[in-house]
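Here chain A shows up in two complexes: once beside chain B, once beside chain C.
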Partner chain A sequence: MSAQSHAKPAAVGGSLFNATTLICGVLIAVMAAIVLVRLVFGLGATTNLNDGYSWGIWVVVDVFIGSALACGGFSVALLVYIFNKGEYHPLVRPALLGSLFGYTLAGAAITFDLGRWWNFWHIFWPGYFNVNSVMFEVAACITLYIIVMWIEFSPVFLEKLGLHDARKKLEKILYIFIALGVVLPMMHQASLGTMLVVMGGQVNALWQTPMQPLLYLLSAITLGYGVVLFESCVAASAYRRQIEVQMLNPLARVMLGIMAVYLLVRFADLAVRGVLGQAFQLNGIALTFWIENACYIAPFLLIGTVAARRNPARLFLAGVAVMLGGILLRLNGFLIAFDTGPGWTYFPSVPELLVTIGVFAAEILGYIIITRRFPVLPREEAYAQPAHG
Partner chain B sequence: MASTGLLKLESDAKIADASRRLGMPRREFLQFCATVAAGLGLPPGAEAAVAEAVATKKRPSVIWLHFQECTGCTESLLRAEHPTLERLILDVISLDYHETLFAAAGHQVEQARKKAMADNKGAYVLVIEGAIPTRDGGIYCKIGGQTAIELARECAADAAAVIAIGSCASWGGMPSTDPNPTGASGVAEVLGKPVATIPGCPPNPYNFLSTVVHFLTFGALPPVDQLGRPQFAYSRLVHENCERRAHFDAGRFAMNFGDEGHRKGYCLYKLGCKGPETYANCPTILFGDAGAGTWPVGCGHPCIGCTEQGVGFTKPIHMLAKVRNVEPPQQYPRIVEEQGVGATMGSAATLAAVAGAAAGAGAMVARNLGVSHQQAEEAERARTASEKTEA
Partner chain C sequence: MARKISERVGDDKDRRQFLKGCLGAAGTAVAASVVSTPAAARDTYQRPPDALGLLYDATLCIGCKACVAACKQANDNPPEFSTLDHLWDTPLDTSGHTFNIIKMYRHGTMSTKDAEENGYAFMKTSCMHCADPSCVSACPVTAMTKDPTTGIVAYNPEACVGCRYCVVACPFGIPKYQYDSPTGQIGKCELCRHRYKDGHYSACAEVCPTGATLYGRSSDLLAEAKRRLALPAGSVTTYPRGSINGGPDQSYEGYVGHYQQHVYGETEYGGTQVLKLSAVPFAKVGMPNLPPKSSAATSETIQHTLYGGLLMPFAVLGAMTYVAKRNVHHDDDDGRHAEEPIEKRVEKPAEQRPEQPKKE
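And now, the complex of A and B:
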């Protein structure tokens, strides 16, 4: 495939023990302890969930936001395999790795939030299927996608283990999984938006729209590119590597294009539904709405020109802004602008926060271990050259 | 319409005769007929048909057999009040054979039975009270030298309708409880054909009475369920109309006989009440015409499920019933539900620390990237400049 014309991926190497991995390890241990308490003594013992807010940050952040942030693999695969832009191929593996961890942990995190978690297997058991449920669609789709992603990523492990025959055989049928790996997230990222629609009047009018599935899908794709920008810059910075600006520059342009479509749909929908006025009221909801959308507008100012896109700092900040925008879109819809009636309040408890932090720490630790020990990032020659091409 | 039908009958000479015969005021007689029709769930107008049938039709001949039983069903019938049963059962029907109520005995009575059967061939009603023993050729119950099996078959052969009264006749009842030494069986099983059953221990007399009056009025037994029980009486769970149902729904249960909940009249489900799996109309028509609360659950005793095969005389009284309609949840919501707590010092601090750390790290990464970019740009410019000078 087009991978041949690029630098082959190689393990970064180096020690697995440093301040970052140590802190991640501690955070993961804390999370494990809290999860154990939660599984034995229940949600009431660990979370601030109540009858008004039955979904807290474990669902909204770990699953909704976690899986959206993990769309890098899907967004890049979309570009490389569907739109046949082979030049981005070196970005596929690192992006896929981020997705792999994001989704696997999102799938695991949903178990923490199930009241009767020991019944989790019901959703995979045909007799229990509720084929009319959007939750079922999301659960089945995400599970399939996690399996597909591990298969998509398995050449990395086969390479490392020296199983070249197995790898060759797998690569012959890999296109099936790559295709599935693009279709499945499009399905469930849209369905996650549908979940907001089925919440009805509890969701603020600025977020409650039948267009939400499309918005969630578009935002998931842009988030994917945003995460790739973020991840490439951070990896380059942390591993003292060269930044792939020659790839990130056009990639950022694609991202801006999709973001323009997103903003168009977002504001046209508000205008058509006649609720745009609510965005100009003096209250917290309007404020968080504008912060969310400012995050979507900021990248146009940061990296609007080709020259600006050559600056990795600007690319990094644009990536962060896109991520924040996507995060806020989901947080606002499901928690901040979510009103279940007078008296109900929700703010995550310390154990809830620590579990969510632990989930993200696990993603970072996993990323470090895999990139240091397995061939994921493009092989780097000893450069005396500047940090971009 | 219906009421005008009854009103017309009020001045009817036949009705006047019938009410005189039954020893009740004319208006009370008509009220009785209307109550029976309503109890049977019949359409408007049927009360007039019932009144006319009771007043004018030839009293149907009834043959009543007793087998393995305690005569509780008959005792229960004797206590019916509106009108007194001895009047109704002797004047509305022609009770031609009934061992408990007959003054005669021995061959004389057997003769009366045979004569009634011959005279009313194909038109009499056979009522069987008590289970029929089937083990060892049925020798455990004999009347006049005949086994219960033989008697039941002989009398059923030419009957227009067969009614099994009481739980024993319906499926074996108490005598059929394990290990069932006599092989006690229900009437339908012995005759090998479905019969109308009025289970209960004892059954409510009005359920029996209404069934007979239906037969008298329409010449056929009322619609029955798959166990032969008339639907007008046995189509609803005791649980559905129980006066203690509100306590069940609210989760208030008596846990021991005589405890506070029991004294306060809470639900008896956890004491083993079988109301949730027993079909009968006990809570709606009550017993003994003595007013409110006169039925087992009303008096504080759990329903034992006497009208339900496999429940009554089978399940221990203390055993929890299988709820046929709505299972109670294991927990009930609190009256005052916690509405959530806002941000605490700890949670706000944790979130702020994470946000601060992320912002700081982001700023540092951005700055480093910016600095190296600037250096690279400068190096680039210096290189192009030196290339120019060289050229």
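And now, the complex of A and C:
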């Protein structure tokens, strides 16, 4: 087998006990303690939530942003299986793993934000669920997608366990789950944008538009690629592996293409609705609008040329910019440019921040454990691996 | 071992064009359904003919807050304190435990009642019972419902998951959550629907000494509001108290105020069942400026255009399944591109790729 071929995925190996996993473990323990306090004493005891800002970072960051950042699996699957770009295949498993953790933890995180969590099953129960509710669409769709992703990812576990027959059988029908794994995120990532619509004039006109579903969908896809750029660079540096520049380069070009469409829709919508002028007022809202969009424009300057896309540092920075842009789009709509009237303010409490940090720590820890023990990342030939297996 | 994608072969141009077509079509469908006026367009709902509601006339309100106390009692809510001595119920806003409150507008010297300049005025804050409520549209589990006859927007804690989308969605900031409890519920005015069976009606209207809060059918209340707006300011007229059907012995004569010529709630978001009159512009007493089209109608139009009957999701899923089935291949051979660096392959147009045997 040559080094240029699609390297088979292999476990990275190495110890699971190091400074990173230890810190993650502590952060997760802190999160668990706070969640316990929340369950016993209520949301008021642990959060700064109020009736002006009833959704804080546990919803907006853990779920809305967390799930969007977890779109790597969906974006790469779209490229590989739908656009038939097989050359990106080595990216599928790592990206899917990131998505698996992002979504599973987003799903877990929402349950302790729910004020009456023991009724959660109502969302799936005929007689209770409300098909007019955008929240219903999002909740049902995300739950289905989490199940679909675990099935999509299960060949990795079957491979590790040596259950080759089961794996072969599953892989024969895997295309159904791959298709579902493309359609479901398209649905709920778009709906996350629709969620703003019912809030009406409380959301600033720069973000209140019936085009939000399309914008959120395009943004989620670009976020997926941005996260892949980010993850690939971080994983390469953490595991001292080669950066897959030859794959990331054209991937970044695809990302830029979709971002161009996004920016076109974004500004055309503002112009058509006649609210573009609000972006040129001297206030904090206009400022955060421009920071958000600068993050979407920056990658064109950073990695606009083929030569620039060969530079790992620029790829990394572009990935970070896209992530920040997507994060701000969501933060702006749901929190920063959301105004329920005078007298209400919100800034997350320390316990709220610690829980959100704990959720991301759980994602990192899970990623480390799985990539070290299961065949996810492409096998490295040139670099010596720590003694394992 | 790895799952693999079939590499393109030289003669599959047709298939690629089909794929492009598929994706183009899916993309266009999504874009078009968002942009165009779709078949699933849902009109803004209007008040049911026998809708029940309140008429609050700020010019009649004397700020006694008897309605606030009566509401507390009728709904079995605990007092809330905003003063150090904790002597009596002093809520500053509606909350999970306070469903009705009288707020005060203050300007300058506050010398004249119902004057915008150097004056003061009162405004009732409680559920407006929208004709097309955002909270009902938002609720994922039908815990918020609108009665088809009375139009009362009711809450069922047994169904509620506590997601608080209703809190976020309401343009009036009405549904409130009980953050102080591990089993917190949503709290809001339900027009005292639990008291009807005993022959009572909304407690706030029952106790109001001036008829500033009046209970009745919304259509009757709207007619009464318009009658008041048509009268010259300063003239004398008869004001009913309690219920609009209370009869002459519940009524009294009083002066007509300097009304803004606007019945708040007549058209806002398709109309509300609680209507309001004021001498001070509504925007200044905390009533938002809302268009006649409800945001629930816009939201549900998008929702049902995209997902109505699950037509579009299944169409896209069908296309994706077809494409994915063709593009997903499993084989244990990884060495097919041994001669060619990946980068070259990626950046080269597909047509120029070397012929390769297609593998399944």
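In this text, the second predicted complex is superposed on the first by the 377 of 389 C-alpha atoms of A that agree within 3 Å, B and C clash if a C-alpha of one lies under 4 Å from a C-alpha of the other, contacts with A are read in each partner's own complex, and residues count from 1 in each chain.
The definition used in the following text is that contacts are C-beta pairs under 8 Å (C-beta built on N, C-alpha and C of every residue); 3 or more make two chains touch, one makes a residue touch a chain.
Here the structure is a predicted model, which is why all the values come from computation and not from measurement.
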Fit or clash - chain C, chain B, common chain A: clash
Chain B versus chain C as contact partner of A:Gly52, first or second or both or neither: both
Which superposed partner A:Ile123 touches (first chain B, second chain C, both, neither): second
Between chain B and chain C, more extensive residue contact with chain A: C
Chain B versus chain C as contact partner of A:Leu105, first or second or both or neither: neither
Which superposed partner A:Pro155 touches (first chain B, second chain C, both, neither): second
Touched partner set for A:Ala313, first chain B, second chain C, both or neither: first
First (chain B), second (chain C), both or neither touched by A:Ala361: neither
Which of chain B and chain C A:Thr345 touches, first, second, both or neither: first
Chain A positions touched by chain B in one structure and by chain C in the second: 49-52, 343
Residues of chain A touching chain C in the complex: 1-2, 4-9, 39-44, 47, 49-52, 54-55, 80-87, 89, 92, 113-117, 119-120, 122-123, 127-137, 139, 155, 159, 168, 171, 174-176, 178-180, 182-183, 186-187, 190-191, 194-195, 197-202, 210-211, 213-214, 217, 246-247, 249-250, 306, 338, 340-341, 343
Chain A-touching residues of chain B, taken from the complex the two chains share: 333, 337-344, 346-348, 350-351, 354, 362, 365-370, 372-373, 375-376, 379-380
Of all residues in chain C, those that touch chain A in their complex: 1-8, 16, 19, 23, 30-31, 34-35, 93, 95-96, 134, 137-142, 157-165, 167-169, 171, 173, 176-185, 269, 286, 288-290, 295-296, 298-300, 302-304, 306-307, 313, 316-317, 320-321, 323-328, 330, 334-338, 340-343, 345-347
Residue numbers on chain A that touch chain B, as the complex places them: 48-53, 233-234, 236-237, 243, 310-313, 316-317, 320, 343-350, 352-354, 357, 386-388
